[in-house]
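Two complexes are shown next, each including chain A; its partner changes from chain B in the first to chain C in the second.
The block that comes next holds the complex of A and B.
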């Protein structure tokens, strides 16, 4: 029999979880533990994990991260290079550097610090925004949650420049699993741009990052949430982000994922105030050996809210893209406007894409749409560019960028968009280099 | 040395090599010469231009094409273009998401890179682009739009010639550049083409109408029918064709 690894040791005593923490937090951990123990590591028989198989995790001799690592040499490589931002670096969820010059009304602190010094600040939010009872990996995070970043923006405060969180996963001395837990609370009318770069430390062993982020946008708050997931080919990176929006709040998310052995970006959005708007846009590039899963649930709980999901995937031979998008429109959510679109570009034979759109509509006066397309590069386009002297690899790269053009427009024009486009170009250059080597 | 030397060229679709479209084309274009090719629909004119440019899907089953002494068949389409072969397409494709200016700059830089030259200065590029746009009556904002997307038929043709002017090729092949152009545009585009005539440059102009040849006066006129060049003459041949049609030649080709 082969040895299998349990992410939670069978011997772990529920009573011992969170022993030196506030009781409410220990309860949270125990609730997570019981869900995870009941369900176990999700298999492909679980509908929400049908296309993403985690069984390989049991073959990796993981140990849990102890939260003590500092930044290694080159940590942050692969992150966006952004001028003029409030930058913070996390290693396995723990902030190793925090900016000192934040404007009044903005706090960026370690979760561990807040739990130790002012737990009551965290308590109304942590575990309250995200309902993880149906999420086995989210529950595992609840049980084992390590450190994370808390961002608090006071009502009416608009940040002067973007926050950039460089989130590094490291496993210097053997495989590690880590369960970062982040929290973002934006007060009424607050406004911020939060950029995240999720990367792997150079030379890291195999890793599993299983993060949960909870985001609360109070009335009229606006968050632009831009993410680059650029992890190593050995990395498994699972992220579950749950966002609730009060009246007239706006959440503009853009996620660009470029590689990773297995990446799952799970986004759950609850529109619980009228006039709220959520745009979940993104793109991904899956080359050989990469599996990229985007799973979205948008829940229209009230009337007159707007949601829009638009993802584009570029998949090469041996790569796989998964898109599961769901829109729920509750009985009271009249005049909902909910759209969903997934478009994939297959670059070669042996590229695979699975899409599962779902609309669950209980209201009668709604405007909802969903669509999915799968295509290839048009040979006439490639030829036209080549007929003007552009080499084939460059022509194809230009057309891939063109394909992504309209989703990338979700990123504010200027240095931010340039940085994301730069990441796409590096990815393409790397892909072509690999092709020529082969 | 001839600029373009086509010898006994037979060509067909890759998918159906049993059916020849070009059945033994012989054509020599020397530097400085302008040749016109006329011929009925389906004669193989665009196929000839496709084979010269290297469009996938077409194969030369026998014969040869030498460009400046080099075997074109050994070169990829992009290498041919960088070596100075330019095809103004009969049907330019629309490419959403690629800005015209980006495309032009990438094309120019690809050629410069192949020659070991540095990228073109942004300002020089803009200047050249604007000057050519002005000369060819292309509105500047069209260059900010994606390649050919939403351009009218005539606009596409003007922009093909704009590209040609920017690329400064040595061998220009124009496939029905006049179709879709109104009378004023025809003159503007012809002026643009004429401005590129030079002792080093050769041109092959495919057209159905003598009118274009009144503006771009050819040195040699060929009639292509049924995959063969059935008649070669001077510019007066175009006038004869305009008056009498192709009947005499299509009969000859069928025979």
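The block that comes next holds the complex of A and C.
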């Protein structure tokens, strides 16, 4: 196979990778590099990337981020506005401010700092979950990984308030690519809510963020993981999150994506303890020029685990939504309960939605189902509202909002849900304004 | 005049002997093993094909050489050596065939009995060399004559190449081009026979057409090619295959079926596939790699595929509809049963191009033993498919904890007024259902057959009646040994 140099400096020397880092980390980088050099940037011929074409990336003159940027003016614009949280801001993966008032048993540190001071804390978890062989972009991240955030919650500790990570991608002086690497480890019985806002710094040039997050939930740990992806129309934002659940652990994820030239939220969940539960919910809105891809794999490796996927999407003219969901039920993973549902609305001509909900089942005593619907707003519903004196554009906006709000209910009630509903409303207003201008 | 009579007699004798010799020649004919241009020329020459047909075959072969065997399907099999096979062999002579049913595998006979197949037909299915003309033959001839009177063309495709070259040239490869996929391309190069059907304008074909009636077609071999054209306003129902198991020494079957419907025409294509599935350990059995595709070219046209797949070691098959004409509709009903070590990767493709096109997919997969089964389907709404609709339901039933059932639907929508709905479930026969039947004195095996038949009802109902009855029995037989 010809050597691929996409996004990798042609001169990059595998032997020199991670030279000043622990040997195990250098090995991880080299393993990633070798997979990426063999596979290259995934093309649409790679099944998992069938509907998301990255070939445009090779035309952008990217340089790799050096991890030295501070927050620019207005960095964090577009993020959720949340009161009463432990907030941290990352710029290109590197934390620029860390909260000082964390409760005992909770640590939030830079990955670079941990690697320098206590690499053995990181070693059992970093690169342990991600299977690189079928993750071309994950392997690129392994090779080039920059800084990231590590969150460690000791066994039995429940956080008093949510953590809010505002993750800013910035490229002030020309196109940049960045490869943040995050790690979340929740000890036995720990409980936390992690909110993430992924945004682009105002005025940033084209950017590629290729992040990998590894989440480890030990027995009975519970994590609510809520994300807003609200990046600029120039931004390519790829995220791979791998979550491993031990017995009776629970992972409740909600992802709201509102734009981006190309956004891919790839989630891999491995249920490896009985009684584990994973709920992956989310919504997306793709306007003109936006491509939003949600790719999920839930792997039921043991019996008696539960998973539920529910995503809704709204796509406008010139936008594209992709949903690929897969439930794997391994041999002997009996009494699995696995559900999957994707519903999409096409708002105008020129919108496209591609869906591939997959089931791969090797055990018989299971309850698995999937459903997918794609269509336009029901004209009867629009008529119902218009008959009550609501103008058509408003009626349609109301119905779109109701369609999305339904799934936002997965966010815990209170200020969190309000913030997400608010983000949907801002997006709607923007859409509405754009429609009026046109 | 005596001399003239004598001459005539002599000529008759000579030509008779020649004819006899020619027949013998054909009987012993077998192309050497392997595949190259000479073999293709040989096949074409044997069938005395016109030059355009040979050219087409060679074009396909040359293209095939540039292709690689697909590997995306979820089936496992050892690599096939395409050079280690015969691509042309004359049908088996009567000498090789069993002389009577006593010589036929008792296992096979037991199955025939269960299906309730009459003795004479059993002999035919088992390939017993029958000298006496039995009912089916005369039935077939009567039907053929009647059909011809009405203008329906129903003949082997090799015959159609000679008799109706303009129709064959117009439609052959127009739905599945010679370059379509690895197996279809191979078929285009080496196909030996198959059926050709043409239903003229406005005619509703009064009887179900079936290969079964065309008994000269029993040994169509491993590379069958079928082409059915329904002209404006016509209707035809075509049955392929047989509920009774067929023994066959060919490992690889790469068939191609092309359907074309013009304005207001309808084709109903039903298949019962019960090839040899191999033994319990997965040894032997047929590789059934088939390309079936229908084009609804005309307005208001309709194509309906029904398949009951119970045989073959490996099935790779996606009967599809290209819905070009406005208001055209495609339907796909499938029951696939895999038991033992069988593997099946099957489903459909519905490509909506025209306005108000409709499609419906009902797929029922039953997996037992150590079998693996995948539903793979594509529904694509093209930007101009205004008001198109699709409904898909694919349900899987698992019997036993060593088998697998997988669903891989692809749904692509580029038109906001098009609606796509997809549902899938996976379940197993519940203990309550079984208990309910057992309590009423039904044996466990019969209970499973009953429940599975209920599960498949929607699909079996779309089969022609006699076929449906046999298919129901077949469902039970295919699942034998999967419980207890």
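Going forward, the second predicted complex is superposed on the first by the 425 of 438 C-alpha atoms of A that agree within 3 Å, B and C clash if a C-alpha of one lies under 4 Å from a C-alpha of the other, contacts with A are read in each partner's own complex, and residues count from 1 in each chain.
By our rule, contacts are C-beta pairs under 8 Å (C-beta built on N, C-alpha and C of every residue); 3 or more make two chains touch, one makes a residue touch a chain.
Predicted, not measured: the structure shown is a model, and the values here were computed from it.
When the shared chain is aligned, chain B comes close enough to touch A:401, but chain C does not. By the touch criterion defined above, A:374 reaches chain C but does not reach chain B.
Contact with neither chain B nor chain C is seen for A:195 once the two complexes are overlaid on the shared chain. Contacts of A:383 after superposition: chain B is touched, whereas chain C is not reached.
Number of chain A residues touched is higher for C, counting chain B against chain C. In the overlay built on the shared chain, the residue A:423 is in contact with neither chain B nor chain C.
In the superposition on chain A, A:392 makes contact with chain B only, while chain C stays out of contact range.
With both structures placed on the common chain, the touch criterion links A:232 to neither chain B nor chain C. With both structures placed on the common chain, the touch criterion links A:280 to neither chain B nor chain C.
By the touch criterion given at the top, residues 378-381, 383-392, 394-395, 398-399, 401-406 of chain A touch chain B in their complex.
Note for the complex: chain A touches chain C at residues 47, 331-332, 334, 344, 346-376. Interface residues of chain B facing chain A in the complex, by the touch rule stated above, are 53-56, 76-78, 81-82, 87, 89, 92-93, 95-98, 102-103, 106-107, 110-111, 114, 146-147, 163, 167. The touching residues of chain C, when paired with chain A in their complex, are 72, 381, 383, 396, 398-428.
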